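Input: structures, listed below.
Consider the two complexes below, in which subunit A is the common component and subunit B and subunit C are the respective partners.
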Partner chain A sequence: MAERKLLYHFNRAPHGNIFWTEGMRAATGAVAGIDEHKVDLLFQGDGVYNALKDMEETESLGYLPSLEDAGVHYYVVDEDIKERGVGAGDLKDRFEVIDRAKAAALYMQADMNVDW
Partner chain B sequence: MAKIGFLLTEGPWQSENYDIFAKMADAALDKGHEVQAFWYLDGVYNPIKFQRFPGTTEENLPVSKMKVVVEKGADITCCGICVNGRGLENGKDYIEGVRVGGLPDFADIMGDSDRLITL
Partner chain C sequence: MGVYLLDKPFGDIGLKIANFDDSAKVVLIKDGVYLNTSGLRGGKVYAMKDDVEKRGLGKVLAGKAELIDYPKLIDMIVDDKVMNFI
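Up next is the complex of A and B:
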């Protein structure tokens, strides 16, 4: 076993599927395990809608404290929010806006990329 | 030889990801690689042994393809919360060799595998 640097990709919109909540649950499991993997979250494509201030997230709120304690970063892709008419000011405070080049660098830096 | 991890989140009959998993796992095992898989969300429907579908032969059922790779040595664990959330009663109707576990098992797979493929 080994500690891994993991990048969890959220690619889907928050409604019509359960991948947002289950991906957050899986991220919590990854940082809490024996290996204590390092996990960061990347929101891209329609996944950027998960970052909206008014996006209802009752079912995943319970995972936030554990992820914060583990130092998890939330990244959202600038080009993807602009393509969808979303402004950086529309996002929850915990999300950091990065460009696609930075997102690509995160892919490369991760030991494993996991799609949700 | 490599250790290859898989995450499968799709069930049978709607997505073909189970088939992609079976083909990739089968090829990897034939080449001597190790396969470790975690089945999450609707992925836990794949190993139910009572699957039937009109016009589908026994060997082409999703569960039959799972059975082939399990018998070749694939280590498959299903998420227990997902299993019981779908009324599958701790996997009592699963084929032999498929285990019911939890997210710590997926964390272990990520820590132990050389590569991870998500389907």
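Up next is the complex of A and C:
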């Protein structure tokens, strides 16, 4: 299987479940190995809470260097942070704020997508 | 562009994404049959027949969604890209 463009979308708030950690682990696996897939991470709905500066992410910190080396992008949907009273300044630096149209374009550009 | 498989509670997000896809095939499954698709700008709405009938929503969805069975859903999934919001 050749390199593919993957979109991992996070729709759930962190903690109380394993989706955040498992999504990050899976993304790390996807960018590694023989195929070295290109991966974008999209945070929307309650998934935007994953992007908060103060969100405790000890369990997934180990994945960040590999994802950074692979050039993985972290996107968070502007409409969803505003709906929840979250400002762009409340987010970790690695997250880029995009609008819903750009999020839809990410789905169209991806060869496949996986929800977390 | 693809099949949007929608259940609650994440289906509302899927509808917002599908709104940018004029050829969206929106499939309501399980409690997704309760989603309000009236704001959808384009595409076509399908609903799982079993899930609609068990919830007594046949009349509510009449004219709003095409009812399909699982063999049809599998054909759609195999033939197209799937955006999963379950």
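Definition applied: the second predicted complex is superposed on the first by the 116 of 116 C-alpha atoms of A that agree within 3 Å, B and C clash if a C-alpha of one lies under 4 Å from a C-alpha of the other, contacts with A are read in each partner's own complex, and residues count from 1 in each chain.
Methods note: a residue touches a chain if its C-beta (ideal position, glycine included) is under 8 Å from a C-beta of that chain, and two chains touch if they have at least 3 such contacts.
Here the structure is a predicted model, which is why all the values come from computation and not from measurement.
Judged by the touch definition given at the top, the superposed model places A:Ser60 against neither subunit B nor subunit C. When the two complexes are overlaid on their common chain A, residue A:Ala26 makes contact with subunit B while staying clear of subunit C. Of the two partner chains placed by superposition, only subunit B is touched by A:His37; subunit C is not. The wider contact with subunit A, measured as residues touched, comes from B rather than the other of subunit B and subunit C. Judged by the touch definition given at the top, the superposed model places A:Asn50 against neither subunit B nor subunit C. Once chain A of one complex is fitted onto chain A of the other, the partner contacts of A:Asp115 extend to both subunit B and subunit C. Judged by the document's definition of touching, subunit A residues 112-115 lie at the interface with subunit B and also at the interface with subunit C. The touching residues of subunit C, counted against subunit A in their complex, run 1-2, 10, 12-13, 16-17, 19-21, 81-86. In the complex of the two chains, the subunit A residues touching subunit B come out as 1-4, 6, 18-19, 22, 25-26, 28-30, 32-35, 37, 112-115. Note for the complex: subunit B touches subunit A at residues 5, 7, 9, 40-41, 102-104, 106-108, 110-113, 115-116, 118. Residues 11-12, 44-45, 79, 100-101, 103-105, 107-108, 112-115 of subunit A are the ones that touch subunit C when the two sit in their complex.
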